[in-house]
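Taking it in order: structure first as structure tokens, then the write-up.
When the chains are written out, they are named A, B and C in that same order, and each has its own residue count from 1.
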């Protein structure tokens, strides 16, 4: 059996407030990296849900998030005529479009993001208690 | 030259039955991890095709997959007026929307997925013989 | 502090010519791998922007790229009525749909892609000077 020493999987708890919502989790990912003492390599951000996802997008103007969420809501209507009895198939589709997993570079102890990039937890069927797993 | 010892790339063969179809490959990924004896780290699932992808979504109610596939079919119509002579541009678009590659965490020998998460091979231009590559 | 020796983050500069455009960067990624002397493992391709992304798709018929770009343009209209004053919310949505980050397998010194797969930088708000970061 192979053991890659030092691999850490950190679980972060999140509370969402709306049905559709983006939460900036950049700081939490950076904290997890600092606590694990990672100098360089890859950082994996995984969302263990099927009606939520994770993405990277602009961290400056909050209107960007509003625009994305509003557009996705009209592109994938909740009442489209889905079979799934829970009534949240729109959220399952959005989750797969965003993706549940993100791999980001780390260099000299720093999470390497572009100047305007932030990491967003994408809630599509809240409000709920959620988790984000960060592997460093 | 650097050699990360123990890196294994396993090729799995898949046979799809329909033009648009999701196949649960969670068990195959877990088997590849067990055979490689991976204790912790990242597991990469790569689909080497351009009209198929890979995603994570609900593993409980099969209606979710039907809803996603039916919705994608109406969102991206096959006869939209595409230039590509093979007539499968809709499948190329769907493939890029899902993604061809997925990185997932492994901890204590276990593929770390959420309670309702399964890994799905996404066929968009079947039926065909396909492959999934799993790097551990 | 943990140090994974040999991790290299290479920055590649790109100049796009249109508002919406795909650029094949497969060769650049292969060159970065060769220069770093990577034998096996994962290769991370990260786009540090929020109105551009990265995807894998067909490398043979250029009509596929035209079809995808034209379809995305009509699916996500620039003048939809977005709030964001920069007028490029459509590009932010497309960026999250494609994703900013891609992890690919490397084996015996070769980037492992399928026969028809190429790596594409996805410009959605050009023309601009852009970067791609490659971690090996």
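The rule is simple: a residue touches a chain if its C-beta (ideal position, glycine included) is under 8 Å from a C-beta of that chain, and two chains touch if they have at least 3 such contacts.
Model, not experiment: these values are computed from the prediction.
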Topology of the chain contact graph, where touching chains are joined (line, ring, star, complete, other): complete
Same vs different contact residues, chain B with chain C, by half of numbers used: different
Euclidean distance of C-alpha centroids - chain B vs chain C, Å: 19
Contacts with 2+ other chains: residues of chain B: 42, 75, 97, 99, 103
Chain C - residues contacting chain B, complex: 6, 36-42, 55-58, 61, 63-64, 66-68, 71-72, 75, 97-99, 102-105, 107, 109, 112-117
Complex contact set, residues of chain C against chain A: 1-4, 7, 9, 42, 44, 46-50, 75-76, 80, 82-86, 89, 92-93, 95-97, 99-101, 103, 131, 133, 135
